[in-house]
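The structure appears right after this line, and notes come after that.
The chains carry the letters A, B, C and D, assigned in the order they are written, with residues numbered from 1 in each.
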Amino acid sequence: METKLQQGQQKNLILFIVCHLWEIILLEEVSNISSGPKLFQLYVHKDRSISDNLIDRSRRSGFDAMCLTVDTLVAGNREKDHRTGFTTPPKLTLQSLMSFAMRPGWVFNYLTGKKFELSNVKKKTDKGTNISKSVIEYINEQYDPAMGWKDAEYCAKKWNGPFALKGVMSVEDAKKAIDIGCTAIMVSNHGGRQLDGSRSPFDQIKAISDAVGDKLEIILDGGVRRGTHVLKALAAGAKACSFGKMFLFSLAAGGQEGVEHLLENMRDEINRNMVLMGCKNLKELNSSKLIYRK
Amino acid sequence: METKLQQGQQKNLILFIVCHLWEIILLEEVSNISSGPKLFQLYVHKDRSISDNLIDRSRRSGFDAMCLTVDTLVAGNREKDHRTGFTTPPKLTLQSLMSFAMRPGWVFNYLTGKKFELSNVKKKTDKGTNISKSVIEYINEQYDPAMGWKDAEYCAKKWNGPFALKGVMSVEDAKKAIDIGCTAIMVSNHGGRQLDGSRSPFDQIKAISDAVGDKLEIILDGGVRRGTHVLKALAAGAKACSFGKMFLFSLAAGGQEGVEHLLENMRDEINRNMVLMGCKNLKELNSSKLIYRK
Amino acid sequence: METKLQQGQQKNLILFIVCHLWEIILLEEVSNISSGPKLFQLYVHKDRSISDNLIDRSRRSGFDAMCLTVDTLVAGNREKDHRTGFTTPPKLTLQSLMSFAMRPGWVFNYLTGKKFELSNVKKKTDKGTNISKSVIEYINEQYDPAMGWKDAEYCAKKWNGPFALKGVMSVEDAKKAIDIGCTAIMVSNHGGRQLDGSRSPFDQIKAISDAVGDKLEIILDGGVRRGTHVLKALAAGAKACSFGKMFLFSLAAGGQEGVEHLLENMRDEINRNMVLMGCKNLKELNSSKLIYRK
Amino acid sequence: METKLQQGQQKNLILFIVCHLWEIILLEEVSNISSGPKLFQLYVHKDRSISDNLIDRSRRSGFDAMCLTVDTLVAGNREKDHRTGFTTPPKLTLQSLMSFAMRPGWVFNYLTGKKFELSNVKKKTDKGTNISKSVIEYINEQYDPAMGWKDAEYCAKKWNGPFALKGVMSVEDAKKAIDIGCTAIMVSNHGGRQLDGSRSPFDQIKAISDAVGDKLEIILDGGVRRGTHVLKALAAGAKACSFGKMFLFSLAAGGQEGVEHLLENMRDEINRNMVLMGCKNLKELNSSKLIYRK
């Protein structure tokens, strides 16, 4: 799966994010297949040696940046998944069998593809590597819900390079991120799947940018489906946007071609709408171009 | 019914509220089956000796707190009940017979269970104890719509312990509650069934808490269905939440097991979401965590 | 029709409004069948002697107050009526025949009832009295769209008693109403049928009351269907509410009994909800009881 | 098509706007069939001699005003058109064939009418004149997306008469329009078909009028379907309104008669509602008559 994402990314020179939970290839293999910028998405484990090991290997494997995820210290209660029986890796239920039967191409890829396992941590723990353990169980057993600012500071110093905190949603936390040595934050509510009633990341961008936009880079994570969404985020003060579901939907629907098509659409929409907004460069794309609904 | 509620409550050490209108057991029997904290929910009767009697017996029976209900001086006009023919106790109509026929388990419990009667007041009045009198008729015949602050003060002094006024919805009334000796208020619109167009209790919590939050305890009553609702209420200034429909729905759907499941869900959601909000304790769960929609 | 309205009104001692356009009885006959307060609703005609005549006859017939309608100088374009073919008096079309066929009781009353004609003006003009002229044509031919403040002042002085202007929607016009001698205004958009995009009368009450509520009486006209609507209007500063469609719907559905039922419902709802709002009298029902949505 | 529009316009003495992209008659022929005021809608071409030529011919042909379009420097991505297969001129697809089959009158006019070609530019370029080139391709090939304020100033000076900029949406750009010699602006988002998420033109009128309403004329373009829309725009500060879809829908549905009917409706609605608003003249129709939803 990530191989195909990569191939799409390769052509468009976008930032490639590797999350240790989702990868089916080793960290060390990524640089062989992607020459673009690479960011490793880290979670703090109860067993700190796992995190240390992942940071060290990321550095040796040529990753450009590190991102520490703080919006998934415990797994959200994804009620929709309870209803559909969705787990990662998938368990077979009557409903999911029906769903698979309707999309034979997906099942074929799953059965013939590489086995899903947490390659990067399987030497360190036997949790989560067994096919019968779901990702949610892994999160709740392995991650450290008591993780605090000290742990984040430890990781930032250990990495000693471009370092983002993912899951920051307030000005207060953005200021603390600067204090512990972060060079960026990803404003994110983890795709809206973690905390019921959390705000949309977009709604927080301007306040955070107004307060600390000159001291660290702000990346909007969540809700981006169109070029205008990117333009709105940049106008509000973000330096970049990241997206997960949009990639995965394109991949599921059209494979590598789907991802490439998505990236071309985004580029076209961004270019066209910059012209239609009358913006000749990113400097002109500032908050004067935004009017908020009252 | 209340027996089963109790058993669920027992395991979770939550506050058990006994309303004299709904109970089918005597006040005196409650302490035998529940060792947790107990609050008696009182209504002011036209015949004051009924209220006096209930207060005295509550004290003798080991109740911990008293709550005086001021949002049901007259019965609201529950138009949905007119349409469905719902009364307490139920009268049999063609529509309700159909409804019963679809849920045979409910009817069985009703027919084989304890007879519905107002046990705690049957020595004092023959109104409402006859199976053909509905609760609404009882309210309008027995309760005192002219009840005022003097009556509330009388009850508070007579009880002389933790005393809440239920149905307060404004800062002005919250201040009066302090003046007459209340130690708590329940911000409530009686589940939205009494006064058309009344605000949601949640919308009043912050203003009341800002004004008098340091002088009495604020309990949110109404609209609580999830752990995040509790967290929002606490962040806005409430000290606790109470819920009625949520208990009754769980009880109707799953009996004692249903209530236990509900309470476990609430505990899980509260714990999980505290972590996801980055709150380590209740002090950190303050109004800085809330953003109101404009 | 008005006879039945009257009978309902008689029992409830409410103000009886007679509009010369709708009546099928002579002004002079009204006092014979209604002993309650009576208000005559006047429109300014191009032929001023018609207005003069109506004012004189109203005085002689014992009317208590006069109301001059300024929201119907031209007939609104009631597009729904174009579609359904509704006119007053009704013209028979295929669609209206179908509609009549479904409600035989209505047709029976129409065919056996008194003939619809503009009794009060038939000596003065042959327009509108012919059964084939619709009320809309009458409005546009007979009323004076150039009517101005001078005309209103003329009527107020000629009447020289309790005098309301109906159709005032702004503070500015309310002030002018005081200047020309009005003792009341009816804040009205003529049931929303005249001017597309006009505000709801309720939304204007508070501003008008704050500005001139101590100098004239404010009557809310439009949108009243429940007792809580009346309480909201009074809390915002109105002295009374008037309703037309609510009467007509009740009359059409249940005849005299329907109107009586409506009035009893309103009285019950007003009484019950005063208690539930904790208001012991009208003085306590002030704007502190209202919170506007933002 | 434009011939029929003209005939409707002729009777109502409204401004006739000729867009070089849509016309099927030569600029030079317009004055023969319309004696009313005429405005030429210009786009800046990459080949400046095309624009120069159109300006010169407009002047010689008796056009009264020039309007330069700046909201279509690149074609918007009209996704609905992708789905329906709509192009200008139409290409035949299975779906559009079905659509045509349901409306035989439309197809007849198309087949028997004048051939669609860009008459006014066919000597200058062979792009867009070939029946297989769509208008969207023409826009993207011929128009100059790098067009800037210098180009607009050049056109304004070359025309040296009443000159409007179409597509202005901000106070800032309205001020620049004055600086380069414009006498008017058309506040427009090109019917909402160009830039996703752009505001409604109406929402910008008041701010622009407050800032520069005394220095140039403001024309609202977009969203006008009723007389009250025109009255709202004038009250907010516009001097006139223009509409495209409303004309085309009327034309498609009823031909010349449809357009005439539309114009009569608009005149009636404007007159009736001026009376109902209590406005005797345009001066009274100011922003005091508008209340914005909060």
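In this text, contacts are C-beta pairs under 8 Å (C-beta built on N, C-alpha and C of every residue); 3 or more make two chains touch, one makes a residue touch a chain.
Everything numeric here is computed off the predicted structure, so don't read it as measured data.
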Magnitude of the superposing rotation for chain B and chain D (Cα, nearest 5°): 180
Chain located farthest away, centre of chain A as origin (C-alpha): C
Equivalent interface positions on chain A and chain D, same or different at half: different
Distance between the centres, which are taken as Cα means, of chain C and chain A, whole angstrom: 63
Separation of chain A from chain B, taking each centre as the mean of its C-alpha atoms, in whole Å: 45
Residue list for chain B, restricted to those that touch at least two other chains: 294
Chain contact topology (line, ring, star, complete or other): ring
Complete list of chain pairs which touch one another: A-B, A-D, B-C, C-D
Contact footprint of chain A on chain B as seen in their complex: 226, 228, 232, 268-269, 272-273, 275-278, 288, 291, 294
List of chain A residues in touch with chain B within their complex: 70-71, 73-74, 76-77, 145, 172-173, 194-199, 294
